[in-house]
Structure formats: C-alpha cells, structure tokens
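Next come two complexes, and both contain chain A; in the first it sits with chain B, in the second with chain C.
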Partner chain A sequence: MNGRLRAALGLALIAALVAPLVPLGLWSVARGWFYPQILPATWTLEPWARAFAPRSDIPGALMTTTLIALAASALALALGIPAGRALGLYRFRGKALVELALLAPVIVPGIAVGLGIHGVFLRLGLTNSALGVVLVHLVPTLPYVIFVMSGVFSNYDAEAEAQARSLGARPLQVLWHVMLPAIAPGVMVAGLFAFLVSWSQYILTLTIGGGRVVTLPLLLYAQAGAGRNDQAGVLAMLSLAPGLVILALVARQIGGRGMAFGGTR
Partner chain B sequence: MIGRGHPWASLAPALCVIAVLFGGGLALGLAGSFGAGRGGGWSFEAWIAVLSEGRVWRSLALSLWIALASTALACGLGLGAALLLRRSFPGQGLARLLFQINLTIPHAVGALGILWLLSQSGFLARLAGGAGLIDGPARFPALTQDHFAIGIIAHYVWKEVPFIGLILLANMHSLGDDPEAAARSHGATPFAAMRLVLLPLLMPALIRAGAIVFAFSFGAWEVPVLLGQSAPPALPVLAWQRFTDPDLAARPEAMAIAMLIALVSALLIRAAFAGRGR
Partner chain C sequence: MTRLTLDNLDLHHAGAARPALSNLSLDVADGEMVALLGPSGCGKTTALRVIAGLIAPDAGAVRFDGRSVLHLPPERREAVLVFQSGQLFAHMDVAANVGFGLRMQRRPRREIADRVAEALAQVQLDDLGHRKPHELSGGQRQRVALARALVLKPGLLLLDEPLSSLDAHLRTEMRALIRRLQRETGITTLVVTHDQEEAAVLGDRVALMLGGRIHQIGAGAALWNRPADLDVARFFGGCNFIPGTSTGGVFDCALGRLALPDGAPEGQGCLTLRPEAIEPGPGENAVVMRVTETRFEGLLTRIGAEAGGLRLEALMRAGAARSARPGAETLWRLPREALWVLPGV
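Take a look at the complex of A and B:
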C-alpha cells in the first residue's frame, strides 16, 4: 500500500471515528439547532449553565453514577485480586472450568441474566436501590478485574514473597511491601476500567434500579427522548470525561491486549 | 510454591458472588419461564406461547441479522484498520488514540451520536441538504429506525472496529514481522503473505473477539431501543417489553425470551471458547 493511499484511508478512518461525537458536542453548546442548519446559529454555554442549575437532575445523576462506579470497582477489586492471583499463579484441576465460568458473564448479555437477578434481588429487598445496582454491576466488572489481574499475576515472581518470609516478614508485611508494589500498576488499570464498565451500564441499572436509581446513561436517554437535546448533549460530553481522564492516566500501561475484555459493555 | 497449593480459598469469594448473581439470575430466569402466569405451579405455557409466536421469531431473525452483519463488518474493517495502523503514516498516532478513546465511550452515548448523525434530520442529512443533494429531510434515506437496522449495525461497527483493531494490533505486535518476512523471502506477494501467513496466525484472536462482538450486538438493549424500528423489535427489546407489561402473565414470556438470548450466547461460548488451549 503506498503512502498516499494509506494517509487517505487513515483520514477516512479518523473522520468516521469522530463523526458521531460531532452532533453530540455541537448540541451541548447550541440553542435551537434544527434542520437545515449545518452548524448552530447560536453558540452558547447556556446548556451547561442549565445542566448545573439548582433544579437540574444532572448533578445528582453525576454523583450517583460516580459513587456506584466507585463502589462497584472497589468491590470488584477486593474480590478479584485474590481470584486473579489464584488463576495467574496456580495450575489446578478445574481451572479451565473456572475460567469458562468467569467468561460467561462477559459474553451473556445483561438482559438475559438481569431479569432473573431482578427476581433474586426482589426477594432480598435490593431492587430499586443503589446498593442493588452496585451489586449487579459486579456481573460485568468482576470477571474483567479477575482476567486483568490473572494476567498481571502470571508475570509476577512469587519467589520474592518466599524470600521476604524467610527473612522474617509477617504475612501482612509480605502483602504490603512485596506483592502490592509489584502489582500496583495492574491494580490501577483493572480498577479504572472496572469503573468505566460500571459507569456505562444501562440495562442492568434500569432492571435493578427500577428507574429510581438514575445514572447518566439513563438520564441521557430520558433527556433526548423529551426533546431536550442540549441537555442530552451536555450529558454525552460528561459521560465521555472519565474515559479520557483514565486513558491519560494509564496511557503507558495499556496496549490493546490489556483491554481485551475491556471497552465499555 | 507455584503450580501447587490451595488456590480455591482465594477463588471462593469471587466465584460465590458470580454463582449467586449470574448463576442465580439464570436459574431464576429459567424457573420464571416455567412459572404459570396467573395460577402458580409449573407449566410450559410461556414457552409454547413464545415459540409459536411469529413476532418472537421475526425479532430473533432481526437480532441474528444485526449480530451477523455487525460482526462480519467489524471483523473485516477491524482487520483492515489494524493492517493500516501498524505502519506509520501522518495521523497514525491520532487514529490509534481515537481507537482507545472509542473503547471507553458508553454505548448509550455512541448510539445517540449515531442517531443524530444518520437520522433524516441529522447531521449528514443537513450536510447533504447544504450541498444541494436533497431538497428536504424526507428525501434523505432512512438510516435509523429502518427496516434493515442500518443505524444499529452502523453503531456496532463504529464501536467494535476499534475493539477488534486494537486486539489484532496487539497480536501483530507480539507476532512481529518475521512470519511475513519469511514468506516474502520465499517469493510470496505482500497480499499472499498477509492472507496465507499472518491471517491464520491472527485467527484465534479474531474469532474470540468476534464472538464477544456477536454476543453483545445480539443481546444489547440500549442500542436497538434507540436506533431500531418498533416492529419487529430486536429480541432484547421484545424481552423488556414483556417484562414491563402491566399484564403479569407476560412475565414468564419475558423470562423465556431472556433464556433464548442466553441460549444463543451459550452456543457461541461453546463454539468460540470452550476447550481453548493455553
């Protein structure tokens, strides 16, 4: 392929990647931008002012989404780091089966299990609550964390722990001073992307939250459906923000493979 | 100590959570699909109703079409994009960055962007109108809420080409240039080296990534609910309609449809992942 063709195809690729974001961004700074205007006649920051005005739902949804994603990713790390260590360091009978059992929640769509989980949570009194939503977000986030941590631990030298122990370190000291520094970058990547996965959940949040727990994606559709396109534009821009921040933070740690199960789904 | 020991204690908490949430969700969904609507007790009523309903089959066919078309296009274009992006050209860094950014974008955001881009009063229609290609919104082809689910497929392709592309790029990177270079030194054309040497080496990764794309585009709700036509709806949308139907008799049918979706993904896991070697 010659250089000029490559550059032209690359340009087309870049344009296609950006294209859907253009109307979202334009609506967030426009007033009454309708057909046949190609660009908004009036450019204004009013949508942003209205989004953060006292009676707006957006700050509340921003807070709800952030707290749920923080709680879900913290729980997923707490459960997923030990499990990833087991999968990454040990060979044992049934390991392939365990991996398949962890893969299933990644593949099986949310609605297929969500309706049944709703039944489980109804009996436990967890429906229509943020706690229930946090727990159901473990279905997509926990396997993700385990797979990332399993990859991290398969490159981890556990002999260092034995050496520390033989020098008299207690188990907690080994954990804190030997293991944690070695796996910290991996933990950060796993945690940040678990945050993103939770951040972008839709149908599981709707099923378990019952419309009472309003996260950003839910509010995005509600505002667009109500014809408040400018507010939907602001919500779309806000929804992109953590992904950009996280990419900037982990730019050095990730290649494509680190995100093999990642992306927001 | 590596290779022996007792890893089950470390695995147990995570596996329990998955078993209760995921396993419990599936089990209760399955049980619910055999629940009799009004009376209680067990029955096949919901399954018989669902499997004999033309709407369900049309929705299933639509969702399979969406998943097949999205997966085929995303794999083909993702491979092309990876081949493009592995050599340097002006804008290569930007394109790679956009690939990574795209992975972080929630599907709901992308779907709304596609709607505002492709609808008959959307951004592309306005550009076409401005260029004098169409005289009004109605003359722009229906690309969203359309019969062929073009808008839905466009969204998945937009979202999944970077996913496939990045996975293939990572695999190409770890394979290095040697396999192709060896083929070239034996006289293969660049295209032959790509098709006969590189592509087979990439195939396992491509199949797994494609399976993930297929399962998602088959079973996602937020994309077809926004970009799809109302009749027939995609299968997940139909399941949700039954689930939220004021008539509680529709609940077991919703569960049966959810189980159909789970069944398709189970077949997919078996085809693409079961028995994979390490």
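Take a look at the complex of A and C:
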C-alpha cells in the first residue's frame, strides 16, 4: 500500500469512528435542533450547567464511576499480574485449559454471568453495594489484564531477577527495582484497559448494583431511553473523556510508533 | 577473600534422565582463579548457580572459608555471579547498573558514586556512565557486568562463560582484562567455560567437568598431556589409544615394544599420546605405519595411519605431511616423553 492510499484509509476509518459521536456532542450544546436542520438553530451551554447543577445526580455518578473503575482496575492488576506471570513464564499441566477458561467471561454474555453471580452475591450480602460492583467488574477486566500481562511476561527474562539476587537484592527489592520497571509499560496498558472496561460497564453494574450504585452508563441509558437528548449528549461526552485521554496516553505503547496520531502521516 | 569448598554435591533436576551434579567436589584456594571447563550440558553452570545460592543441591555442602552457606539466600552470600548474557538492567544507565548492588545495601549516595566511578575506571569505561545498555557494544556490556560485580568487592566471583558472546579479537582483550583484574583484586574466582584455550589462559588451575563431576583438576598442560582417564583424553582431542601392558618402563602392544618415560604406572593399561606429538622419521620408538587418509585442517594436516590392526592419528605441519600419501608406508616416531599410560583401562 502506498502512503497516500494508507492516509486516505486512515482518515476514512477515523471518520467512521468519530462521526457517530458528533451529533451527541452537538446535542449537548444545542437548543432546539429539529429535522431538517443540519446544525442546531441556537447554541447553549445550558445542558452542561444543568448536568452540574446542585441537584443533578451526574457529579455523584461521575465520582462513583471513577472510584469503582479505579478500585476494579487496581484489584484486577493485583490479581492479573501474578496470573499473567505464571502464564507467560512457566509451562505447567493444564495451561491451555486455564487459558481457555480465562476467555470464558469474554465469550459468555454479560447478562448470563451477571444473573449467575447475582445469586451468589445475594447470599454473601454483596448486592446493591459498591463493593459488589467492584468485584463483579473483575469478570470483564481480569481477562484483559491477564492476557496483556502474560504477553508482557512471555518477553520477560526472569534471569534478571536471579542476577539481582546474586548482586544482593532481597526478594521485595527485586520486585520493586527489577520486575516492576521492566513490566511497567505493560502494567500501564493493562491498567488503563481495565479502567475503561469497568468505566463503561452497564449490565453487570445494573444487576449487582440493583440501581443503588449509580454510574454514568446507567444514567446515560436512562436519559437516552427517556429521550432527553441534551442530557444524554452531556453524559456521552463525559463517558468519552477518559477513553480519549487514555488513548492519547497509550497510543505509543500500542502502536509502537504513535499509531493514533502518526498513522495518517 | 574467600576459600571455596564444594563437598560431594548431588543434584538431580526433576524429570531429567541424568543427574546435573554427581558427587561434585572442588577446592578453590583464597585468591585463586580456577577455570571450570566442560562441554555444554556437563553441569558447570548448574554448579555456579548452586554456589551462588540460586539452586539448592539435593545433597552435599558448599563452604565459604569452611563454613556452610547452604542456609543463606543468594543476596547474603559473599559470592556474586556474573551471568553469561551480562544481564544488564535495561531501564538503568551504566552507572545505575554498576551501583545496583550498593543501592540495595543502602549505602550513602556519595560512597556509591565514588565506588561506581572507581569500578568503571577499572574496566576502562570511565566516560560511559550515562549510557543505556542498548547503546553499548557486546564487549562494553560484558565489562559493565564485570564492574557491577567488582564494585561489591565480593569474596568470591563466579563468571559464567564471560567471553562466549564476544568476537574473537574482543575475547583476547577481555581475557587479559579479567586476568589482570583478578590478579589486582585477588578475588577468589571460579570461571566457567567450554573453551579449552580460554580455560588454560584464565585459570591458575583447570578443573575438567564431565557428566556432573570433576574428572581432573590441575594445570592446563597436565590435563592436556597427562589425562586422568579416557574421557579427559577424548575431551582434549585425544584420539590415539593403544591397549597393552607396561613392565619396567616398556610398553608391550600391537606396535611392538615402546620405551616409556620414568615413573609410568605398571600393569595392563592404555597408552595415549596427543596427535600433534607424533613426529615423522626414525629414532627411538619409531614404528612403520601405513597411511590411510590425510585431511587438511588449516595450520596442521591430520594423517590417519594403521599398523598391527591399530589406528593412530597424527597432526603435522604441511611440510612433514607432504610425503604422506594414502597407501604409502611411513615411519612415525612416538616420542618417549609424550607417552602416557592410563592404568587398568
């Protein structure tokens, strides 16, 4: 493929991905926007003001979503890094089975998983609580973390740790000074992905949170369902924000040479 | 510095057909450099890892200055192992790599900086402290790895194939550097290698390890010319083995009666001599041989010849080898001082 064709395809792809978001953005700053107008008749920041008014539940949901996503991704990393290390570094009996089992949450529909776990969490008293939601968010986030980390660890030379030990480092010092710096880029990518997956979770939050734990996706579905396009627009823009920030942060890591911004060059 | 003693070490990796270490014993004197020589898979790297504390043996003891260290984790042993690959930490620059061990000991910043500078000077890399490992050549990386160990002033230095990743000309240079630093610092050193020449140049003594145990230890020339057994002789390229009986300084065999050097063992045995020791022409211990083949091997030519149902090989310079044509008869002298009898084989 020559450069110009590549650039054109890249632009087309970006347009296809960004175009659906444009009306959402416009809705959040429009007053009265009806068919067949191509652009809104009047512009306003009123939907945004309303979203952040004292009685609005959006600021609270923003905080809840952020905290749950942070907790879920931290927990997913704490469990996923050791698991990824085991899968990436060692060969053991039944490894293929474990890898397949890890894919299961990605294959099985969220609603089925959610309902199944709901029964268990009900007995444990974890339903309708933020803790329960954090835990259930491990279902979709943990596989991502494990897969990213097992890839990272399959390129990791554990001999460096033996070398560090021989040079006088205690096990915790090895972890901190040798292993973590070596896998840091992978940990960042895995953590950010886990954050995004948790951030945009709807079904699992709804089934386990029971409507008591209110996150942005829940509000977004409610407002969109009620036809309040201006509020849905604001919520969509808010939901989009961390994804864009994270994409900008990790683009270099994923593409190896700044895929997101360098692809059209 | 530290005296190293290995006592009857045994180690059998789970699932392996043969033991990695079998009854391995070795003594390295204070300040001595011993080359642990052996083919790949003979267990020499495993031995280093056991001494460093990275693997525990099934049985036996590792002693530093007579005290067992088996209960100590690697970071608390006075031994530092330098890995074959160098294992520089990619995320640290050269100075940080060299200072790693001192930082782990929480030494004062000032002291670390001084000692790192000193160690880098020792390996002649004074100006490269700020470089990252990927900006270094293979030889420079190996020298950083060496400095990183030396800066700790260990009682015992363990080098795993320190030259194997280097080009031929760099090897000679690095070999001299290791030799010089070891002399200057007096650190007891055990260096593992598969290269006979390297072992002979580096080691005060050479220990030949085959199949998990030491077969012979001594000066390089002794292993070459006076092998302890057939395996040692074969490892050093020995190819002439003549069965017979030794009585009163004479060896009776299919080639006739050969005069032996003084002090040769008596009784049944196997006579061996190095192929390059054989000389063309008449004299003491001269035998008539029928040439079967010649093969050009660069500096020397390898000549195969037969007599009395025995096959011998000689390595000769091109001039001496020119007269040897397959099928021709030739006179070979087996110099008395080059003969060596392996008793009871």
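Criterion: the second predicted complex is superposed on the first by the 239 of 265 C-alpha atoms of A that agree within 3 Å, B and C clash if a C-alpha of one lies under 4 Å from a C-alpha of the other, contacts with A are read in each partner's own complex, and residues count from 1 in each chain.
One rule holds in what follows: contacts are C-beta pairs under 8 Å (C-beta built on N, C-alpha and C of every residue); 3 or more make two chains touch, one makes a residue touch a chain.
Please read all numbers here as calculations on a predicted model, not as lab measurements.
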{"item": "Contacts of A:Leu131 with chain B and chain C, given as first, second, both or neither", "value": "neither"}
{"item": "Which of chain B and chain C A:Ala222 touches, first, second, both or neither", "value": "neither"}
{"item": "First (chain B), second (chain C), both or neither touched by A:Gln173", "value": "second"}
{"item": "Between chain B and chain C, more extensive residue contact with chain A", "value": "B"}
{"item": "Partner chain in contact with A:Leu240 - chain B first, chain C second, else both or neither", "value": "first"}
{"item": "A:Ala182 touches, of chain B and chain C: first, second, both or neither?", "value": "second"}
{"item": "Partner chain in contact with A:Leu70 - chain B first, chain C second, else both or neither", "value": "neither"}
{"item": "Touched partner set for A:Ala162, first chain B, second chain C, both or neither", "value": "both"}
{"item": "Footprint overlap on chain A, where chain B in one structure and chain C in the other make contact", "value": "162"}
{"item": "Contact set on chain A toward chain C in their complex", "value": "157, 159-160, 162-170, 173, 177-178, 181-182"}
{"item": "Parts of chain C lying in touch with chain A, wherever the complex brings them together", "value": "49, 52-54, 73-75, 79-81, 83, 85, 87, 89-91, 100-101, 103-105, 148-149, 152, 158"}
{"item": "Touching residues (chain side chain B, partner chain A) in the complex", "value": "1-5, 7-8, 10-11, 13-15, 17-18, 20-22, 24-30, 32, 81, 84-85, 87, 89-92, 94-95, 98-110, 112-117, 121-123, 125-127, 129-130, 137, 155, 158-159, 162-163, 165-171, 173-174, 209, 211-212, 215-216, 218-222, 226, 236, 239-240, 243, 254-255, 258-259, 261-262, 265-266, 268-269, 273-275"}
{"item": "Residue ranges of chain A in contact with chain B within the complex", "value": "1, 3, 6-7, 9-11, 13-14, 16-24, 26-27, 34-38, 79-80, 82-83, 85-87, 89-92, 96, 98, 100-117, 119-120, 135-136, 138-139, 142-143, 146, 158, 162, 196, 199-200, 202-203, 207, 216-217, 220-221, 224, 229, 232, 236, 239-240, 242-244, 246-247, 254-257, 259-265"}
